[in-house]
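Okay, got some structures for you below.
Same chain, two partners: chain A is paired with chain B first, then with chain C.
Our next item is the complex of A and B:
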């Protein structure tokens, strides 16, 4: 088995950067761990999940779809430059898995989202497996594991003084080749096994079996009134979530020049579905909160056979009023049986 | 707290039984034992599920805005909730007779994550006694300083008791003077460094609007932050600055320092520091002793007919 000493990490990332890729890494910024373009700054070591997930890299907060210049009758339209290659270091297995869920939405079927595809194909995901779970983590309850390779190009299993790299894809293998002189050979049992024994108390409290069907049958259940009442209709839960992918398209104009952009939007915002003419199909908190949870726990499983949640725990840590996925699954379990 | 909790339930039950209020807002059990959540008791029996302990973190004032539409509302209010309610009243968003306020004095709310870090394991219960906080975990009971356990907003709070309670449970704690010294460090930074400091903070912003949605001062019917003619939707640094300046200026002189925005922010942006900078300027420029208490002199919240600069319809200058 291969072994990458921790001391070799900056050199390796520096080489990947030297190849022209933007390297992202978790850095501690005023006490908040954030994925940032890495330029040699210290890499955070003690974190569960960075504030921003892989979504921020693959489906950015805002991106330009096209640029235009001229007058309405005489308009030149340009496509933006294609995305540059990127390498993301230090993402967690849950976030990597989340990107496979997003792949299904953006890449499967007849319509392929070109923007997402191009980014996805030029991004290498270097995951660092988890040796401890945070108090808000529950990946195991939704089919994941702290050492799972799903969605990663390379999984770095932390061991004393370094990592054991495992490359599920050729992109990951290629990234590791840049470290071929830094890697040593060692004897070690299967590092994925370690994931089984990581304590994750929250995962044990979540029962999802058969929930999708029960939700389908109880669309009008009065519990949604009670569950949603404390929601403030912000976008926090959806923006921190690696699997929420909704976006809006908007233009910004400077006299004769402009950009068409797309950026994150949230089904929790009051005006998310507001139509020209004033009709809003989801006018109340009940409609919006129900939408969020039915999308994750009913519509997505019906369409793709799995829940749209990877248990990263960001909504658990973040929602200012404790209206997060495990809490709602628990409340639903009580009322729907 | 349990004696007060019992009295709270009793009052809420009576208000609901007699039909004085349509709903009583307080806290109820959350998914995690140390994270109670806002709870809306709509019938007398539900009043028995109200709880009040050292982990009740969320501000409740903002809920009143929607809940009063259907009829009078009762709620439990700590000092920060009381200030939030005063804000809504001063802004004429709700009427006093629509509210029944059960006041309680608050000694500070324990942040379960911070307490867990201090105690080294999950904290089940806590007691706040003056400068120390006793944390009770499955294996031990130990005391820690306030700063290691409480929410940031509580560490700076000077208004533990609400000023507008219809009934106050327990002793009133007198208000203090808000300490704005932490603003000095930022003011002393050279301007380049200060720019970099705020740019770094604002770059993290997800534009989730949690700070606005929880804020009792952000009670406008229609918000300029939603309007592309005022704020473009992008998240480049220019838009991030515009977003944060607009929010801060719009609550300047109206912010009640309840700390909810900073508590809600997932990105750890020091919104309280920004608000306190405005607070300090209001204090120093206008001589307002406590700019965060509505109803006192509000230099930016009121138009006086004898204003030396007059009123300019349509924004024309003199």
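Our next item is the complex of A and C:
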């Protein structure tokens, strides 16, 4: 088995950056660990999950989808420049799995989202497996694991003084080749096994079995009034969620040149579905809160056969009123049995 | 290919429809001859109309596939994009992406009577199918065709030039009504759902296709049930806020269905199994 010493990490990332890629890594900013474009600053090692998810890298907050130029009677439209290659170090298995859920939306079906595909194919995801779970983590309750390779190009299993790399994809293998002189051979039992024994108390509490069917049968259940009453429609849960992908599209124009961009949007906002004529199919908080949880627990599974949640815990940590997936599943379980 | 890149098209003609000009029909021609030749669509589909620098809006294609060489969109001035579109002049460029969505079940409707029930600008999507069915190359494949169409006032009726043409046809029954007449109006006065009860079409071997404001749809559905129509004999097409039109932006879902991909055309039978969030 291969072993990458922790001390070799900056040298390796420096080489990947030297190849022209933007390297992202978790860095400590005033006590908060955030994924940032890395330029040699100290890489954080003690964190459960960065504040921002892999979504920041693969589905940027805003991005240009086309550019145009000309006058009303003489227009030209063109594609934006192709994305630069990127390497993300230090993302967690839950975030990597989330990107595979997003792949299903953007790459499957009649239409392929070309912008997403191009960025996805030029991004290498170097995941660091988890040896501990935070108080907000519940990946195991939604089919994940602290050491699962899903969505990663390379999984680095932390051991004493370094990492045991596992490369599920050729992109990951290629990234590791840049460290071939830094890697040593060691004897070690299967590091994925370590994931089984990581304690994850929140995951134990979440009972999803049969819940989707009960939610469908009780769509109009009054519990949604009570649950949604405390929501502020701030949208935080949707923005921190690595699997929430809804976007808005907006144009900007400067005399004869402009661009069309997309940016994150949230189904929790009152005007998300407001139509020009004034009709709003989801006019109340109850409609919108129910939409979010049913999308994750019913609609997405109906379309793709899996929950649209990876248990990263960001909504648990962030929601100012505790209206996060584990809490709502708890409440629904109590009411719907 | 980037699905968000629109084809450029030129506005060939702008036809004011209503007296207040809040509805105009835009006849557009693709700038690129290859696109002109390859763009094909089916009645009931929509396109994303793009005003570069302003935005996009999903608009049903109101022309019929039997009309070659151009597309028509009837657009009510309602929001940012449609208002800017109304400022356009012939010769201006706009962008078109599509066609998107499913279509009216026009093959399954062959051999059947068709009752079209439209209200206001809701006639726009129906018109694509009406002209498809009435086209000489298709008419014999369908049984009786009747059209019930209403608007708030005579000035709010759209496609008046075409209503006259439909009226003159021997093989089509047209009932035009307005909520309130004016001094020049000699036609029928009454709400569409009431006219439907007066016309009282038989449900035997019949399909109805309806589109209009939500309040009209509500009572039309009730009355169709009273007349004995089963939910799977009632076809409608929905309006919904959209951004991408291709099932990616997460906006237009009703339950697990996306109006842009699984719709906009649904039977009442399908709608009854979906959450009432439309």
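By definition in this document, the second predicted complex is superposed on the first by the 337 of 337 C-alpha atoms of A that agree within 3 Å, B and C clash if a C-alpha of one lies under 4 Å from a C-alpha of the other, contacts with A are read in each partner's own complex, and residues count from 1 in each chain.
The rule is simple: a contact is a pair of C-beta atoms (placed from the backbone, for glycine too) under 8 Å apart; a residue touches a chain by one contact, two chains touch by 3 or more.
None of these values were measured; they are calculated from a predicted model.
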Simultaneous placement of chain C and chain B on chain A, clash or fit: fit
Chain B versus chain C as contact partner of A:233, first or second or both or neither: first
Partner chain(s) touched by A:106 [first = chain B, second = chain C, both, neither]: second
Partner chain(s) touched by A:147 [first = chain B, second = chain C, both, neither]: neither
Touched partner set for A:29, first chain B, second chain C, both or neither: first
Touched partner set for A:326, first chain B, second chain C, both or neither: first
Contacts of A:114 with chain B and chain C, given as first, second, both or neither: second
Chain A: partner with more touched residues, chain B or chain C: C
Partner chain in contact with A:248 - chain B first, chain C second, else both or neither: both
Which of chain B and chain C A:279 touches, first, second, both or neither: second
Superposition-derived angle with apex at the Cα centre of chain A and sides reaching chain B and chain C, degrees in steps of 10: 90
First, second, both or neither for A:299, with chain B first and chain C second: second
Lowest inter-chain C-alpha distance for chain C and chain B in the superposed arrangement, angstrom: 11
Chain C-contacting residues of chain A that also contact chain B: 248, 250, 252
Complex interface listing, chain B residues touching chain A: 30-32, 35-40, 58, 62-63, 113, 116, 122, 200-201, 204, 206-210, 212-214, 226, 228, 232-236, 260, 263-264, 266-268, 270
Chain C-facing residues of chain A, complex: 65-66, 68, 70, 72-75, 77, 79, 105-106, 109-115, 219, 244-253, 258, 260, 262, 265, 267, 272-277, 279, 281-282, 287, 291, 294-295, 298-300, 302-303
Of chain C, residues touching chain A in the complex: 1-6, 8, 10, 52-57, 76, 78-82, 88-89, 91-93, 95, 214, 239-241, 243-244, 246-256, 261, 275, 277-278
Complex interface listing, chain A residues touching chain B: 29-32, 34, 51-52, 61-62, 135, 226, 229-230, 232-236, 238-240, 248, 250, 252, 261, 263-264, 266, 269, 271, 314, 317-318, 320-324, 326-327, 330
